[in-house]
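Below is one structure. I have some questions about it.
Read from first to last, the chains carry the letters A, B, C, D, E and F; within each, the first residue is number 1.
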Amino acid sequence: MPEAYLKGLEEIAGTDPENGPLFVEELKRVSPDFAEYFVGFAFGKIHARTILDPKVKELVAIASLIALGDGKSHLRLRILGAVRAGCSKEEIIEVIIQSVVYVGFTRAMVALNIVREVFEDHDKSGSDGSAEPPTSPPST
Amino acid sequence: MPEAYLKGLEEIAGTDPENGPLFVEELKRVSPDFAEYFVGFAFGKIHARTILDPKVKELVAIASLIALGDGKSHLRLRILGAVRAGCSKEEIIEVIIQSVVYVGFTRAMVALNIVREVFEDHDKSGSDGSAEPPTSPPST
Amino acid sequence: MPEAYLKGLEEIAGTDPENGPLFVEELKRVSPDFAEYFVGFAFGKIHARTILDPKVKELVAIASLIALGDGKSHLRLRILGAVRAGCSKEEIIEVIIQSVVYVGFTRAMVALNIVREVFEDHDKSGSDGSAEPPTSPPST
Amino acid sequence: MPEAYLKGLEEIAGTDPENGPLFVEELKRVSPDFAEYFVGFAFGKIHARTILDPKVKELVAIASLIALGDGKSHLRLRILGAVRAGCSKEEIIEVIIQSVVYVGFTRAMVALNIVREVFEDHDKSGSDGSAEPPTSPPST
Amino acid sequence: MPEAYLKGLEEIAGTDPENGPLFVEELKRVSPDFAEYFVGFAFGKIHARTILDPKVKELVAIASLIALGDGKSHLRLRILGAVRAGCSKEEIIEVIIQSVVYVGFTRAMVALNIVREVFEDHDKSGSDGSAEPPTSPPST
Amino acid sequence: MPEAYLKGLEEIAGTDPENGPLFVEELKRVSPDFAEYFVGFAFGKIHARTILDPKVKELVAIASLIALGDGKSHLRLRILGAVRAGCSKEEIIEVIIQSVVYVGFTRAMVALNIVREVFEDHDKSGSDGSAEPPTSPPST
């Protein structure tokens, strides 16, 4: 699915222009087929959908990943995506607070700590927004 | 926390005016303390927060519950809440579609089936919106 | 492991003297090996341990099953075990209340509903304790 | 993705020739887009892959769904798929037994009960294999 | 809820007098509202309850967190709480052993490793109990 | 159960001849009873079963652990076991790809990263297969 794949690459670059493309290259080295599905389906088909407002789409993704409980790298990536989409730190933390009802304090605190790390990196890298915190390859 | 409790009752009635208050009465018979926390904290403190738009708050809750995977009664309740808050069926289904990336097709299909049931009940009960589908006490 | 198996049968009969042995027979028809492990290891080796007070052992089991989130039949069985071991309804509900912090209201409410059902059955079957609520085979 | 979609329909019919196509029709009524992804991606792209032996592919799917813990309809569907692919009841139960180590007895017993139900239905419907047990739409 | 908040601070100091208050300060910097709920509700309302014996309350919490599977920092914190409440290492490990039945060996081994680490730190810091192992902020 | 224990030790050595026995020694220092169950039951009784082909048994274990989502050390151990049993890297990655349908991309990517690490270690340690990558004690 070449068209969906190109769309997916574009979506990934939109989430994290510096590290997103590198991440895809690394994924391709491990498994070209998995990379094709991740780029072409997860991003090119699903994340590229436009029914939800981009900010809402990111907040919904964050809620999913808080509740899932593992997959911290993926949560970090989507928090970056939320910042890029224009979500405020306050809105992202609000998703964590709402999730306390559904999944408890334990998973909420894991997420809160990731938000803290992302914004500490973000603040360190300057306020011009040009240098996003590095997204490492999926290590959790 | 009497103030938070009253606020919580109001929130619950706003989600499901017919069955919400009955549900609280039943919860109180099983455990008055649990009912107090559910009404006064979960609804009166957390769900009553206004940082997120009411519709977004409901979509985020739905995403949490899809990912959690069990707790179908709670998911049903929040789908009703989403409808009341003005979310369209299309937006609710979109949350399910987005969640495929994070939690897979299995949990997404469970959620899709609940959405189908809620809207079938809803459609049966007339288009004037006066009669919501009944919310049963938490049985899953 | 014949000794552990006999010990396990005894433990199961102690949890639910009427339905426990029937349940084992049914399990044996589906998979004799699985039944052997369930009786001989899960009950004969693990549940038969005596380091924790029997009541505490049951409350800890209930906490595990609330957090696991599925496996409602198993939770029902252990609530019966807790009642047999002498735990009060109040203590069992307290475990649910404590679990709200760790796993949220959603899973806690699922558990609360099972407690309600078990005690409704229990109350119906008379106060002499001779007739426990039926334990059905593992259907969830 | 028309080609993948056709491939997916074929895979679904191969799993459950009688009820599979009906299930897709129902899914399309609830959400045509979700149905497209389910048929075209989950079945047409992923399940259609041929690196693993068909029997192994089904046993691996069953292991995933046992561990996931919810999604019983999906597990039932894949058990049917395993039977169609030529897996014996003994092999399917063996996956459940192996999973005890990784996910415990609770989820293993849920799965064992589903296997029991599927094979009871299967045995009732005759030994010529022409009438598979009905697959209901995803209700859990 | 000022009274519940003060009660919560006291509970946290009781769990970990050196690092607990620092942890709350850090939480407040990330999200004052989340900190308020964590201190005032999770500790001030729920953990402060006295229906269960303090030791039992801690063992039940540990069982919840083993079964949840993620949230290792929270599990570490509650193991410290269990030690402070007077639980022996043997009792804490017994909860892990019991949980094997419900959640399997995988999650049990994760918990066992955390217990090992906590007690290694504890043993290093001297036998007078004055220096507890440091509780780091929620990093998992 | 001395016979099952010996069988279990043999199975563990077969999975990881260098580090497996060390791991058991370490487990015994933390909890001799837990070590006995892990060796004697998990390996000596369950993993020692021969109904499934050894390669299939390992692929099924990997599928369980991907879906469980936590327990990365255990997943790493079973990937090593799969390599020893003769599974190719391609087959192991195929299990991850199949699991995308059931558990989503998030958990699949966590697993893919572990596979990458195991094979990088493996490739570094030479192609004669004599030096397996070290298995660390269960730390996640």
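Quick note on the criterion: contacts are C-beta pairs under 8 Å (C-beta built on N, C-alpha and C of every residue); 3 or more make two chains touch, one makes a residue touch a chain.
Since we're looking at a predicted model, the values are computed, not measured.
Common neighbours of chain D and chain E, listed by label, are A, B, C, F.
By the residue-number overlap criterion, the interface of chain B with chain C counts as different, with under half of its numbers used by both chains.
When each chain is reduced to the average of its Cα atoms, D sits farthest from chain E. For the two copies, chain B and chain F, the CA superposition rotation is 180 degrees, given to the nearest 5. Equivalent interface to D-E within the set B-F, A-F or C-D: B-F (over half of contact pairs identical by residue number).
Each of A-B and C-F has its own count of C-beta contacts, and the greater count is at A-B.
Here the CA centre of chain B is 31 Å from the CA centre of chain E.
Averaged Cα coordinates give chain B a centre that lies 30 Å from the centre of chain D. Distance from the chain D centre to the chain F centre is 26 Å, each centre being the mean of its Cα atoms.
Centre-to-centre, using mean CA coordinates, chain A is 41 Å away from chain C. Taken residue by residue, chain B touches two or more other chains at 33, 37, 42, 46, 49, 65, 68-71, 74, 97, 99-107, whereas all remaining positions touch fewer.
Taken chain by chain, the contacts link every pair, so each chain touches all the others.
If you check the complex, the residues on chain E that touch chain F are 69-70, 72, 93, 96-97, 100, 104-110, 112-113, 115-116. Chain contact summary for the complex, chain B toward chain C: residues 27, 30-31, 33-34, 37-38, 42, 65, 68-71, 73-74, 137-140. Residues of chain A that touch chain B in their complex: 42, 46-47, 49, 51-52, 56-57, 59-61, 63-68, 71, 74, 90-91, 94-95, 97-103. Interface of chain C with chain F (complex): residues 1, 4, 37, 41, 45-46. Chain B contributes residues 99-107 to its touches with chain F in the complex.
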